[in-house]
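Same chain, two partners: subunit A is paired with subunit B first, then with subunit C.
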Partner chain A sequence: MNTEVSTDLVCPDVYQWLCHLLKEIDGITHPPRHARRQRLDVKAEALPALLALLQGKGSFVHLSAISAVDWPDDGEFELVYHVTSYELKVTVSAHIRIPRAPGRYLSIYDIYKPAGFFERDIFEMYGIYFEGSPWMEKFILTEWDGPPPMRKEFDSEGWVNDHFDWQDYHPDWLKDLEAQGGGIAIRSEEQRFSRKSKDEG
Partner chain B sequence: MSALKDIPVRYETPQTTGGNPLANVFDEFIRFCRSRSLFMLHYCTGCGAIELPPAMTSRFDMERLGIQPMVTPRQADILLVTGYVSVKTLKRVILTYEQMASPKYVIGICSCTVNGGMYWQSYATAKKLNDYLPVDMYIAGCMPRPEAVIEGLRALMDNIAAGTSDNWKDYYQRYDHYLANQQRLFGETWQTPTDVIGEAKNYGVIGPQTEGEHTRLLSLHKQPLEPLRMTLNAGRLERM
Partner chain C sequence: MRAENYQARHQPPSHEYELNFGPNHPGIEGNYALKVRLHGDIVTHAKADGGYLHRGFEKLMEQRLWIQNIALVPRICVPDPAPMELAYSTAVETLCGLDIPVRAQWLRVLQMELSRIAAHLFTFGGHAATTGMYNTMFWGVSDRDLVLDLFEELTGGRVYHIYNIPGGVRRDVTEGFLGRVAQFLDYLESRLPDYDNLFFTNQVFVTRAKSVGVLSPQQALELGVTGPNLRACGLAFDVRRDDPYLVYDQLEFDIPVEQAGDAWARTLVRRAELKESIRILRQVIERLPGIPGPIRAPIPNPLAWNVPAGEYYARVESSKGELSWYVVSNGGAKPWRTHIRGPSAMHAVQVLETLATGARLEDVAQIMFSLDACPPEVDR
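This part shows the complex of A and B:
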């Protein structure tokens, strides 16, 4: 039996099947996409019910990731829950939008245990607090006391300019290198971050 | 055996200036030997570490120059920092460096240790390694090939043999400057278990800038080290 054909035909009408399943919950739009990569736009309050349904009835046992997107112009965070079914060979991405101002949402740790890991990461990088998540504390940036660094309003370059010095440009080094047969093709006036040009400008 | 006690033993401090005309010869000989037997602690922080296995093993064979990897900082001569140094890693690099016995040399490999490299904009990455540690040699490149690594190590060997590579003294002589940069990044309560000023006195390389306003700040915050508590279920989290 040809495996390539069989993977395509595992569930030829996943879209129909999902549409039928998702009638049970309000607040879900389901634009047609590729058969094995379904996108659901969900209202924030419907997401836990959707995930419980997908895990319980739909064999979507694997939470691959939770991604967060910052939309500062809309004043919203977008959270994307990627769940996968090994039986159907389908990944469903459930997109929700939550308001940026309080930045709080419910944890889905009781549905998917690995969610604690992703939620802790998002809390650290975006400052979104997940109520009910077991480890809402520092994770990777244990020695960081600044604002959440992945938010769009965080000025990484400004922070770097405040906290670090740049290496001064030494044209003498270039002469030494050229004397040995090597060289760099950036001239001093094209150097981006020299302390000298910063002071003059 | 009792006759051994009767042999007179005299203790003399070696004179470095004047007197013995052979002193310089011995110094030169010691420097030559030191440059031919370098033990290297490679702190593999970034992608430059991938160039070290070929440099060490049979193709480029660093060992023919007398350079070998070493497992502990106490026995190593060279601290090789191979790539970007995040703020968290930098603390560990400084702790490692201060545990090494003098004379010790620091080599920064890849552009990330020179000026941040491709992480120039990153909030989490230290930009100039020589702000925090006395770097003897930078090997630039992203990443430098094993030929470049060996070229840099040979240059360091020449410097050691010529006696021009003694930046480890600079760390003791200008400890206040290095500590100032470390405190700027890690906060005022930053401390290491090593008594750097005491070591500087021991080596006799204390300088006018060894102590200053930042070392005073350190002495205010310095807390005595406590031994680690021994438990039976080691590695198990307390709260679980």
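This part shows the complex of A and C:
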């Protein structure tokens, strides 16, 4: 992270302006960085008030995205709310941390409508439940009954090995080649996914 | 969605019925579906149904080296893959503190604008086809093919270029390439009056597209609309201008705006953007030969490359709107987290549901194509 304010500022006073605005809310640290990307570290309980303030007084009308990051070693999820002001030409990323269990947080759908999409996505992929969201249902993973797949403990390769059989690929045309000592160039022990049947595993 | 997972809405008896619009339907873009509830031919409720194209890119990227992901990222959106490469590369470069050589930045602009032209030609074709005008589709696809020829020469790949890598670009222009780009631009410009006659000012299309799928500026801001769809509501916001990257701040171009906010206005904005892209490319052709220098910054051994810990939110303007990429590194050899915010994540879900509700069934396809929604950006 760049800890110095860059010199090519689009709006040089945006850092001071944000500091002034954010005095109204407790629990926010605001390290300086490049003028068009501001980072706020926020206490989880202060976030809805912060976003309401940024949207209302701060002209940050555009919710660009909500990103979830899994930090299993800390036992926490990080939620990052990227909001943009078209007037100031600045994107502010507000970072909060919530405990991994029970993995619940508040929906901001009433402040930013696009949050409905991102919260549903995070609910599916990370299993974080957003209270107050109208859309806590499946969208992309309709057929999925496994654990939330984007969590770090979810092992894609392990899941495949546990739930699917590998098929041997020996069509007739290949058998002739194999009889002559040829065949698929990669030796089986070098293949990324070994040909393992479910019973062996 | 499998049949056994489908739950019919329990409603009191009425004249309404539900219709599955997609995933196999000529009026839907890609593998995507809408569940529409109809009263006569008026849509009373629309629900987007995605997931048919989910390939788990974000998870896959966490399991691959920083450099390996370059081959993966353009595959997220087929019609306009170049901005995906750029957004990812920019994020990695910022995390590493790499300075990109000026010549590489110009080459990237060349790739971005050619890709924008290709994507818009493709969209016009699809959009025209929803009104039964297949000629425009054939023209659009065949003219797009000329751009793909240029891409093949520049990058080696027609659709997926894998041209941007963290640090710069893979190849310089070949001899005579810029001349061939100039020729293509002249050809495309000479074609535009024909396109106008055939499609943009054709009364068959204008009557069909006017006042269909109207977005007010207020609605557009509330729903997170970006790109040409936002500019069709009279709001001149463009990441290239507001949050400049590469050398866009040294280039002269206008941001076309329309006021009506309907399907026709959105099409006209894209039509005007073609002209702006041609204008930008002509400046690139003029100035690129005078810009010396390498096309790549030196990067560490890419197979043993630990990107410093940090996070960055990279934004670029794709042909569909604001494309952002949030990349987190914990100092390891693979990304800790990448999150893609495709513009269509908004346009194909909430915006489409809002605009389709109250529309006539025959306008649904046209609304979707006028939004230029790219379903793989929703599913990833």
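Keep in mind that, in the parts below, the second predicted complex is superposed on the first by the 160 of 201 C-alpha atoms of A that agree within 3 Å, B and C clash if a C-alpha of one lies under 4 Å from a C-alpha of the other, contacts with A are read in each partner's own complex, and residues count from 1 in each chain.
Everything that follows uses one rule, which is that a residue touches a chain if its C-beta (ideal position, glycine included) is under 8 Å from a C-beta of that chain, and two chains touch if they have at least 3 such contacts.
None of the values given here were measured: they were computed from a predicted structure.
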Chain touching more of subunit A, residue-wise (subunit B, subunit C): C
Partner chain in contact with A:Tyr86 - subunit B first, subunit C second, else both or neither: second
Which of subunit B and subunit C A:Arg36 touches, first, second, both or neither: second
First, second, both or neither for A:Ser156, with subunit B first and subunit C second: both
Touched partner set for A:Asp165, first subunit B, second subunit C, both or neither: first
Subunit B versus subunit C as contact partner of A:Thr142, first or second or both or neither: both
Set intersection of subunit A contacts, subunit C complex versus subunit B complex: 141-143, 149, 154, 156
List of subunit C residues in touch with subunit A within their complex: 1-2, 5, 48-51, 54, 56, 58-60, 63, 221-224, 226, 235, 237, 242-243, 310-313, 315, 322, 324, 326, 328, 336-337, 339, 341, 345-346, 349-350, 378-379
Residue ranges of subunit B in contact with subunit A within the complex: 87-88, 91, 114-116, 120-124, 126-128, 131, 184-186
Interface residues, subunit A side, partner subunit B - complex: 141-144, 146, 149, 154, 156-157, 159-160, 163-167, 193
Residues of subunit A touching subunit C in the complex: 1, 36-37, 61-65, 67-70, 80, 82, 86, 89, 91, 93, 112-114, 116-118, 125, 139-143, 149-150, 154, 156
